[in-house]
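See structure below.
Note that the chains are named A, B, C and D in the order they appear, and that numbering of residues resets to 1 at the start of each chain.
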C-alpha cells in the first residue's frame, strides 16, 4: 500500500519536474515597452502579418524594408535624421492591424505607416490613417482601395492591383478565340480578379465558358474538378491567393487538368511555388511585381538584389518582399525631397515623385495615388530547366509602366 | 371518504419496446401517507417521474384537483402543488445551505426578475430559515451544501421540496444510504410532515413503511398488483409470492 | 446537367467523405472513450503531415512515412496523455479543452520554428501518380488509394474494438470507468493507449492529406473544425456515426458544388445545425 | 456531482466558511472598484489602444461569462453577437447617418434579437452538442457577413463610419483623441459592469446559478429551465453586442474576423484564463490575454509558443484562472 503511494508521489513529482523543464523558457516575461524618447528620429510604422498563413511573405517584406531603411541611414539618413522602422504583427486580422496602427500613431508617434498584406487589412489600416491624417504607403493588392470611396489624400498604393495584373497576364497567355474557365475565391479580391480577367477577355476576343466560386481558405477542390473539366476550356484562370492558389493548382494538376488546359493566375506567388514544388507549378503563367532575374535587364534590380544578398546571406528578394523595399524607398525619397517628415510636404513630394529603386521607372498617379509601374508576366519553369534553386520562373514579358493599363480616374469615381 | 386529491387512471409508460409502467389506476386522498413498494425495476421510479412531470405518460390520465396534468411541463407541477425529492441526493452543491432553500422558495414568486437585489425579498429568506429549522438544519445555514453529511443533505433536499408548501409531497427513498441513527431522525421528520400533507413515499425499509403508511401500493413489472392498508398488504398472497418471497433483508 | 456529371460528383463526395472520416476518427475516439475534447487534433494532424514528410525524406520512401510517422506521433500522443492530460481526469471538461488549445498553439509554433512558415512540397508517391478513368470521369489514383486506406483502417479498428478483449475493455470503460477499476482493470493504461491511437489516427490523416494538399503549419485549423462537425453529426462516441457523418458531409459538399460551390464550407455547418435541431444528440448518439 | 450510495456520517472535508470580510467588502463594492481600476488602466498599460481593447474584450468576456460561468452553458458562437453589435453600429452610422448613441442602441438591441433567435434554436441541446449548434449557427452568421457585402463590406470589412467627434450635452469631444476615446468607452464598460452586477445579485441571478449547479433540481423547484437559459442567453448576447458596438466606435472599422469562430474561441479562452463564475475573472482574463499577446508579439514573432505554454501551465496548476485562484488564496 505504502509502496503504491510512494510510487504515486514519485510519478507526480517526475511529471511536475518535466513540466517545469518544459516551461522554463516560457516563464521569462519581458517588458519591451519603454517610453520613447522624443528625439529627431524619423519613425516608420510597419504592420505586417508576422503570424498566420502569410508569415513567410511578411518576413520577406520586413527584410526588404529593413534593407531600404539601412541603405538610407548608411548615407546619413533623411535630411540628416536617422530613420527607424517599427515592425508590428498585424496577425492578418483587420482589427489587430488597426489596433497596432493606432498604437504606432498614438504611442510611437510614427511619421508614416507602410505595410499590410491583404486587402482587408490594408483597408483597415487606411481607415485609421485617413481619419488621423497620417501618410500610409499600402503594399497589398486591391482594386477597392483605388476607388474614391476609400481614397485618402495621405495614402499611396505601391502594389499592383488585380486590374493591372489580370490584363497583363491575359494579353500574353490567352489568345483570341480561346475558351476560358474561371475558378475564383468567393470574396472581394477574388471577384476583382475575375472582373479583370473578363474585361481582358472581351478585349482579346476570348470566350468565358463558365466560372466556379470556392470558399476562401478551402483545403479541397476535388468536388469542383469534374465541372471545370466538363467546361472543356483551353485556359483555366485561377483567381485566388496564398495557400488557396497552391492548393487549387496542386489539385488541378492531380486531376490531370494541365494536360487539357493551360493554367493562368493573376499573380504567380513566389512562396507558393516554393511550397509545392516545380512539378505542380510547371507551365503556370501569372503576373508579378518583381522577380529577381529582372537583374539581367535592369541595373536598379541588380543593385537591390546585391544589397539584399549582402544583408541576408546570399538569399534573393521575393515578389512580396520587394514591395517592402519599393514602398519604403519611395517614401524615404519623398521625405528627402520634402526635407523632413512634414506630412503635407511629403504628400506633395510623393505626388511628384519619379523613382526607380528596383523595377524600373515608377510614379504615383495623381488622382488615386496608384503607383504606375511595370508588370511582369512569368511562367513557372520545369524542374529540368531550372539553372539554380531560385530559378523558378521565366520572364515572358515585362510590360512597360503606363497609366493606360489602369482603370480611368473617372471610372474610379474621381472628378475628371 | 374525502374526494381524491390526485387520481391516476390507466397510466402507462413505454420506453421503446420496454413497458415500464402499465395500466396503473389509483386515487390519493388528502392527508394520507401512501407508500409505493416493489422489487427493483418494478416501475416505482417511473411512477414517481410520471407523477412529478419528469416523464409524460404514454397512456392514461393524471388528475390533480380535477385538472388534467398530462402534457403539463415539469416545472409547473411545483406551482400547482406537487413537489418531490430524489432517490439520489439532488441539491445545489456549491451553494450555501440557506441559498439552496431560498432559491427554491424564490421559484414560487420571482423567476425572471433581473433587477431587484435578491436580498430585498426578506420574506423568502425568512421562509427558508423556517424550513431549515423544521428539518433541523438551522445551525448549518451558511455552510456550502456539498460539505454537509449525507443525512443532512437528504434533510436539506426535503426542506427544498417543502418550501413550496406543496399539497402533495413525493419522496423517493428519503432514507437511502442512511445509517440507523439518521434513519430514525428522518422517520421522526416524516411523521411530523404526515400530519399536514399528502405524502407519497417510495421506500425499501419495510418496518418504516409499515409504521408510517396509511396505505401501500405494490408494483411489479410495471403493474399494480396490490393496494390496501399495511395489514392487507402483509397478508396478500400475491405480494408475498412476488415480493416478500425474495426477501433480501428488510428490517 | 448530365447523369455522368452527377455520378462523378457523387463519387467525389464519397472520396472527400473518406478523407473527412479519417480526419475525424481520432477526435471521435478520444472524445467518445475519454470524454476529452482534443483541441490539438488539428495541430497533431499537421504534425503528422510534417512527420510523414520527414520520415519519407530520411528513408526516401513515402511508405515508411505512412507507416512510421503515425506510430511515432501516436507515441508522442501517449507522452501528452501521461504528462498533460492525465492530471486533468476528474476535473471539468473545460480543462482538457483549454489545455489542448494551448498545446495546439505550441505545436503549430514549434513546427514553424523547425520547418519555417512556408509550406513544404509533399510529392505524391510515384507509384500513385496520375489519373484513372472511372468511366464516369477521371480521378487521381492517389485519392482512390486513400479511400482504400481508410477502409482498411476502419476494418482494423472495428476488429480491434469488437473482436478483442482490449476492445471490450475500452467499450466498457467508456461507459463506466469505476466498474473497470472494481474489476481490477488498469484503466489508466487503457486510456493511455486510446489517446495514443487517437493521436496516431490524426497523424495518419495528416500523412495521407500531405500529397493532396499543401503541407504548412496552418493546415490543421480547418481540419479541427471539420473533424468536430463530423464527430458531432455522427453522435459522440459512435464510430459508425463518424463514418456515416463523414460520407454525408462529403456528399453534401460535392452536391452543393453542382450548383453553388462557394457554399462548400458553410453547407457543412448548415447540415450540422439542421441535424442537431432534429436529433439533439447527433445521428447515432446515445440518448440520456 | 451527487454522492451516490456512500453513507457518510461525517463530511469528507471539514466545512469552511469564507471568513474573510475583505471578499464581502470587495463584492459589495465590486462595480465601483472595477471602475476605479479601469480609470487607471490607460496610464499603466503600454498603450491607450490596448487599454481600449481591455475595455472591449473585458465587457465581451463578462457578457459571455453570464452564460458560461453563471449559467453553465459553453457557447462557441458568441462571435455572432459581438459581430452583430459591431456591424449594426457601423451600418447605422455609415449608411443611415444615425447618430452614434442611436447606433449603439440599435447594435445592442440587434445583438439581443440575434441572441434570441440563436438561443431559441440551440437551448434545447445539451453539453458539447449545444456548443456545436451555437458554433454552426454563428458560422451561418459569418457567412451572411461575408456574402452581404453591399451592407457589410464582405471580406474587405465595413468602413466609412469614422466617428471623429462625440457631441454630448452641447459639448463636442474629439473622439480621435485616445484618452477621450478611452474614457467615453469606459462609461459603456461601467454601465455594463453595473448591469451585470445587478443581474447577478437579482433573483434571476440566483436562478441561473441554481440551473448551473443542478438543472434537474432547479426544474423540480419550479424553474422553467429552458426559458431561464434563454433569457440568460439573450442578456449575454446584449452585453456582447455592446462590446461589439464599442469595438466599432473604437476602430471605425469592422473586420469580418469579428464573426469568425476564432473570435468565439478567444472569448472562451479569455474567460477561462481569468476564471469563470467570478465577477472580475473575465475582465482579468481579457486583460492578461491581451497584455500577453501585445507584449510577447513585440518581443518575438514566435509569441504563440509562449502564450500556448502559459495556457498549459494555467490549466495544470491554476485551473480556477487568475482571479479564481487569487480568490481561493484569499479565502483560505
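Just so we're on the same page, a residue touches a chain if its C-beta (ideal position, glycine included) is under 8 Å from a C-beta of that chain, and two chains touch if they have at least 3 such contacts.
This one's a predicted model, so the numbers in the text were calculated from it and none came from an experiment.
Peer 1: Give me the step distance from chain A to chain B, shortest route via touching chains only.
Peer 2: 2
Peer 1: Listed by label, which chains are in contact with chain B and with chain C?
Peer 2: Output, common partners of chain B and chain C: D.
Peer 1: Measuring centre to centre, with centres taken as mean CA positions, what chain is farthest from chain D?
Peer 2: B
Peer 1: Calculate how many whole Å lie between the centre of chain A and the centre of chain C, each centre taken as the average of the chain's C-alpha atoms.
Peer 2: 34
Peer 1: Between chain A and chain D, what is the separation of their C-alpha centroids in Å?
Peer 2: The computed centroid separation for chain A versus chain D comes out at 35 Å.
Peer 1: Just how far, in Å, is the C-alpha centre of chain D from the one of chain B?
Peer 2: Between these chains, centre-to-centre, one finds 41 Å.
Peer 1: Would you give the residues of chain A that are in contact with at least 2 other chains, written as numbers and ranges?
Peer 2: Within chain A, residues 19, 55, 59, 186 contact more than one other chain.
Peer 1: Name the residues of chain B that each touch 2 or more other chains.
Peer 2: none
Peer 1: Could you list which residues of chain D touch at least two other chains?
Peer 2: In chain D, the residues touching two or more other chains are 304-305, 309-310, 312, 316.
Peer 1: When you draw the chains as points and link the ones that touch, which shape shows up: line, ring, star, complete, or other?
Peer 2: Topology of the interface graph: other, matching no listed pattern.
Peer 1: Can you identify all of the chain pairs that touch?
Peer 2: Chain pairs that touch: A-C, A-D, B-D, C-D.
Peer 1: Given the complex with chain C, which residues does chain D contribute to the contact?
Peer 2: 74, 121, 124-126, 128-129, 132-133, 135-137, 139-140, 143, 261, 265, 269, 272, 276, 302, 304-305, 307-312, 314-316, 319
Peer 1: State the interface residues of chain D toward chain A in the complex, per the touch definition above.
Peer 2: 46-50, 53, 146, 149, 154-157, 159-160, 162, 164, 176, 178, 247, 251-253, 255-258, 295-299, 301, 303-306, 309-310, 312-313, 316
Peer 1: What does chain B use to touch chain D in their complex?
Peer 2: 52, 54, 73-79, 83-84, 86, 88-95, 99, 102-104, 106-108, 110-119, 121, 140, 142-144, 147-151, 153, 160-161, 164, 176-179, 182
Peer 1: Once bound in the complex, which stretches of chain C touch chain D?
Peer 2: Interface residues on the chain C side: 37, 84, 87-88, 91, 93-96, 98-99, 101-110, 112-113, 225, 228-229, 232, 236, 263, 266, 269-270, 272-273, 276-277, 280-282, 285, 288.
Peer 1: Would you mind writing out the residues of chain A in touch with chain C in their complex?
Peer 2: It comes out as residues 15, 18-19, 52-53, 55-56, 59, 186, 212-215, 217-220, 222-227, 229-230, 243, 246-247, 250-251, 254-256, 271-272, 274-277, 279-280.
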